[in-house]
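Structure incoming, see below.
Order of writing sets the chain letters: A, B and C. Residues in each chain are counted from 1.
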Amino acid sequence: MREIMLNRAICRYAATSAIALALSAPVALAAPANGELVVAVAQEPQDLAAQGAYKEVNAPGLRNVIETLIAQDPVSGDLHGVLATAWERLDDRTVRFTLRDGVKFHDGSPMDAAAVASSINWVWSLENAFTIQEFAGSGEITASVIDDNTIEVRSSEPDPLLEFRLSLNGISSAKQLAEDPSSHFSKPVGTGPYSFGEWQPGQYWTANYNPEWWGLSADDVYGTTAPDWESLKFVFRSEDAARVAMVQSGEAQISVFPSAEECDRAETTDGYSCVTGPSTTYLYGRIDHSLHADERLKDPRIREAMFKAIDVEGLVDLVGLASVPPGQLGPKGTVGYNPDVTAYKYDPEGAIALLAEAKADGVDVDGIQLEVVGRSSTPRISPTVETIGAMLNAVGIGTQIKVQTPQEFNPRVRIAGYANEPGRQMMQVHVKGNPSNDYGLLLLSNYACPSIDDPSGASRSSVYCDPEFDAELADALKSTGEDRAAKLRKLVQVVHDRHLIVPLALLDRGYLLEDGVEFTFGSDHRFQAVYLGAAQ
Amino acid sequence: MSYTLRRIINSLVLLLITISFVFFAGRLIGDPALNILGPGATPAALEKLRVVAGLNDPLWQQYLNYMAGIFTGNFGVSYRFGFSVLPALDLADLGQPVLSIVLERLPATFILAGSALAIAVPLGIFMGVTAAARPRSVADRIVTVLSLAGVSVVQFWLGLMLIVLFAVQLGWLPTGGYGDIRHAILPALTLAARPIGRIAQVTRSAMLDELAKPYIITARAKGVANHRIIYHHALKNAAIPIVTMIGDETSALLTGAILVEKIFAWPGVGLLIIDSLTRSDLPLIQASIAVVAALVIAVNLLVDFSYRYFKPEISLSRGR
Amino acid sequence: MTEVSNSLPTNNDEDSRQVRVGWRDYVRAVLHDYVTLFALAFIIALVVFTLGAEFLAPHEPTGLNLRDRLLPPGAVGRSGDFYLLGTDELGRDLFTRLIYGARVSVSVGVLGAALSAIVGVTAGLLAGYHGGFLEDVVMRLVDGMLSLPSLLVALFVLFILGGGFGNLILVFLVLHWMVFARMARGLALNAVSSAYVQAAVAQGCKPGRVILRHILPNVMAPILVLFTLEIAVLILSEASLSFLGFGVQPPDASWGLMIAGGREHIRSAWWLVAFPGLAIFFTALSLNLIANWARAVTDPVQRWRWLAPHRKSRAAA
């Protein structure tokens, strides 16, 4: 294992040096030097609508066509302007944006205040109920025109994360929405360095170099970097082995998400290499613990024993490209991250002792049948849940291992499904991202009392309820700055000590790159041609 | 009523029953509105969709609307594009008609099934004839085992093994995808394994029957060349069961393509069906099942007719 | 099917029928037929290992051993364990997993085929014996269902019901009984017109008794052959459906599911995909070979070929 870790370290180093290269790339204003860049992605997108641009896996590559007002820098994580040149906070729920001058959508319509405002309102319309609304947190967002080049965006609730939420918001042509709304979902019209080409269902989608891209003449965002490829092609290939083979045989220049073994193999194989980087996605186990749960799971000793029984380091090894997470759901650097909260200790003896103690108090420990459930679409889920089951069995906790289809699994994660299964004893093993750099949303969606009527739906996947905790959380969500961080830190400690959710692995993601291709990405793992480079 | 007409009507009734079954069974997986908008949808949005899409009507009325639509080629629109915004807009504006999505994918499946047949028919017949020419010889034994092997192999496993060998290790052929003829070789070979076996088996036994007939013995006695006897006389007369088997295998290929298309990322109807199942896109599932079922039923009908055409003495009443 | 070669040992078909055949003849025949012998030996070994997995498997099926992950076939683990077919991603012995996986795969096949046979044969015999309206209904149902794309219907129904062992068996029953019904009806029609059944009916035997006592025993042989073939068909279908995620669900481990799980490692640990696939292949092939042989030796006209003392029968053209 040590060898493998070392290789990973080399991988990371390669990624950082690629960043340096990309930043110091020579001026290239001429047409792209290379032909087609083929990227093998794991699945076909559901659609290519602007709203999906919030998460790369929804539609890999879409950010090359559709841009945002502001974006996170892949290296520093700071926000920088893209279609906005400046922005300022007016109050705790309003931000004013100054738009870049003279930008045109790919359909020729101007990117002015009216167009941007209607695009934003479309994405956040409650009636549309787009998935971005749940992903990015509660509060209805509306945009209004101030003058030709200025808009104001307002959230219905005090919202310190408003800028972040807008960094997820893809801006697409308002003309298209008005004239041909159905094409909005399959033919994205944005402002990016590439314009949408074609989408062959079941095969691939393409985008072509946009010679009129604003970034060619403005160097305040990406410097003088210009796209290196004439066109981009995202090929859908769900077989892992086939994606790897595509890079090996030169059918593709990049392929996504190789396994740890493939990544190691790339180091010893000529022609291509592997880069990996951490994501903000966690694999975690969540135990039913209040409301409709089995009485025994409400006993904190039982849950603590379960956590002590799990060898997280062993699981991380099994999952492959991942690292051991701290005992909290946000990575270091998240607002509210609590450095005192470390990983739950693997302590089978302690677990056995706790169970014996509970048993002595009359708890029917032997009758527990914890359902360890994963969703079939999660990578390597079957060995993961089987291993967790075996670890729990080893300390004397009965388990039932299940892998369920999304259709069976999804409703069970949420309050509506939970309420239908009184006396449930379930540990959900699932993945969850936390891109916001802030604990507020994370705590809300995982630990707040679930409400069926929550308009954003965020809290509806919680299975925990403690009104006192909710009150403190509501207070923290309204605060800003160091005050907010301190309040969140305290709450992170509280939920840690209650043994509700055990983080199992902080997932890395990797890419196989044909020699000569360089790729810079942040923890959101976006494919943006401006961060991709071809060796000259 | 003529036999032909009755068979056609029977087939149509069967197709309608299948479509109806799929319609009602599809409702068992829960609220279609929730399916479309996803578990994150607000109650208000769900309600609005139900009104717009007519999901609040009684089930029988929805069923009648659906069936009425089918006769005009309207199987509804896919959940895929823009269904999430249905409540905000007019139903007619959004969503791609599912029938056109399915029809778009048909040519790829036809090409794949056609290539598989183009491999399987000559090879299967050749193997069967070779075996029948010398019963119980070594060649016969080999053909028997090989043809049974073709029927016994797991298609998707064979596909994976071919990818590993020819695309990964040797690098001779692409790993999958749609394009020139090189892309079709591995999937077509994978798909052909089973029909090769079946056609070889049926050819062998039909030829054995035929070669035992007096006219062959007479021909042999007259000194007609062996290959001429086999290919000119016997094979021609043994054609009926072979043609029937080819027909049977054609309809099997149309559904067998599901796995092969998945393994080789071949963008046909099979891949579409898997995708729509994983996405719970019910209108698309319904339409693709209807189209594939219609094709399979039609092929079976043709096989039936050709059988009757070749052997008109088949009795229509009880087969005594 | 009258298969006649140039060197006729008997004068006509009726003579062949008269030859009395004892079980010794069958045993002798199979011992001389190496291919069938191999198939039979494989199936017997499979059954023995499947039934006695607890005693015969070299390792624990669920014994995790993360230190011995992904070892190749024939490897010796750190603790000195020998792994005949290598280990999987959790360090479990693949050979042991195959043996336990056989339980799932084989029992899906056997149970599915047995239930289909019971329902199908019952329906077919009744239809063939009684004729009339009953036969009309049954045969129309059979014809209709046989012309449906069965894999697709199975996929859809499992999508609705959810996968799992029980639902899989149910789907197989619904989609495969017709094969038996069609054959049983044909056999019943022949039997009904035969002298011995006519005699039984004439003696006033009740229909149930006629079917059970007189018809069923005489149609058993071809039905058993079909049963054997159907087991192979169902094992293959199970593998496909489980591979697509609509069949057996983890942690139940059928062979098809093992292939699906090993796919991720196909380049680095080929044995995880190769061996379960071979297990399915050899099982299905053996069943087919046995059925093929059984069909030949139970055919009263043909069987002399197989039962006659073995000799090289290269018929001169």
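Structural remarks
The rule we apply is simple: a residue touches a chain if its C-beta (ideal position, glycine included) is under 8 Å from a C-beta of that chain, and two chains touch if they have at least 3 such contacts.
Computed from a predicted structure; not experimentally measured.
When each chain is reduced to the average of its Cα atoms, C sits farthest from chain A.
Among the chains in view, B has its Cα centre nearest the centre of the complete protein Cα set. Computed from the mean C-alpha positions, the centre of chain A lies at a distance of 48 Å from the centre of chain C.
Chain geometry summary: the mean Cα position of chain B and that of chain C are 23 Å apart.
Between chain A and chain B, the centres computed from C-alpha atoms are 40 Å apart. For chain A, the set of residues touching two or more other chains reads 239, 241, 244-245. Residues of chain B in contact with two or more other chains: 29, 160, 164, 168, 262. Shown for chain C are the residues in touch with two or more other chains, namely 263, 266-267. Those residues of chain C that touch chain B in the shared complex are 1-5, 35, 131, 135, 140, 143-144, 146-153, 155-157, 159-160, 186, 189, 193, 232, 236, 239-240, 243-244, 246, 256, 259, 263, 266-267, 270, 273-274, 277, 280-281, 284-285, 287-289, 292, 305, 313-315, 317. Taken in their complex, chain A has these residues touching chain C: 239-241, 244-245, 259, 261-262, 265, 314, 317-318, 376, 379-380, 382-383, 385-387, 389-390, 401-405, 408.
Those residues of chain B whose C-beta lies close enough to touch chain A in the complex are 29, 37-45, 48, 80-82, 84-85, 87-89, 93-96, 101, 104-105, 108, 160, 163-164, 167-168, 171, 174-178, 262-263, 265, 267-268, 271-272, 275, 278-280.
On chain A, the positions that touch chain B within their shared complex are 44, 46-47, 49, 125-131, 133-134, 181-182, 184-186, 200-203, 235-239, 241-242, 244-246, 248-249, 251, 377, 406-407, 410-411, 414, 416, 452-453, 455, 457, 460. Residues 62, 64, 66, 69-70, 88-90, 162-163, 245, 249-251, 261, 263-269 of chain C are the ones that touch chain A when the two sit in their complex.
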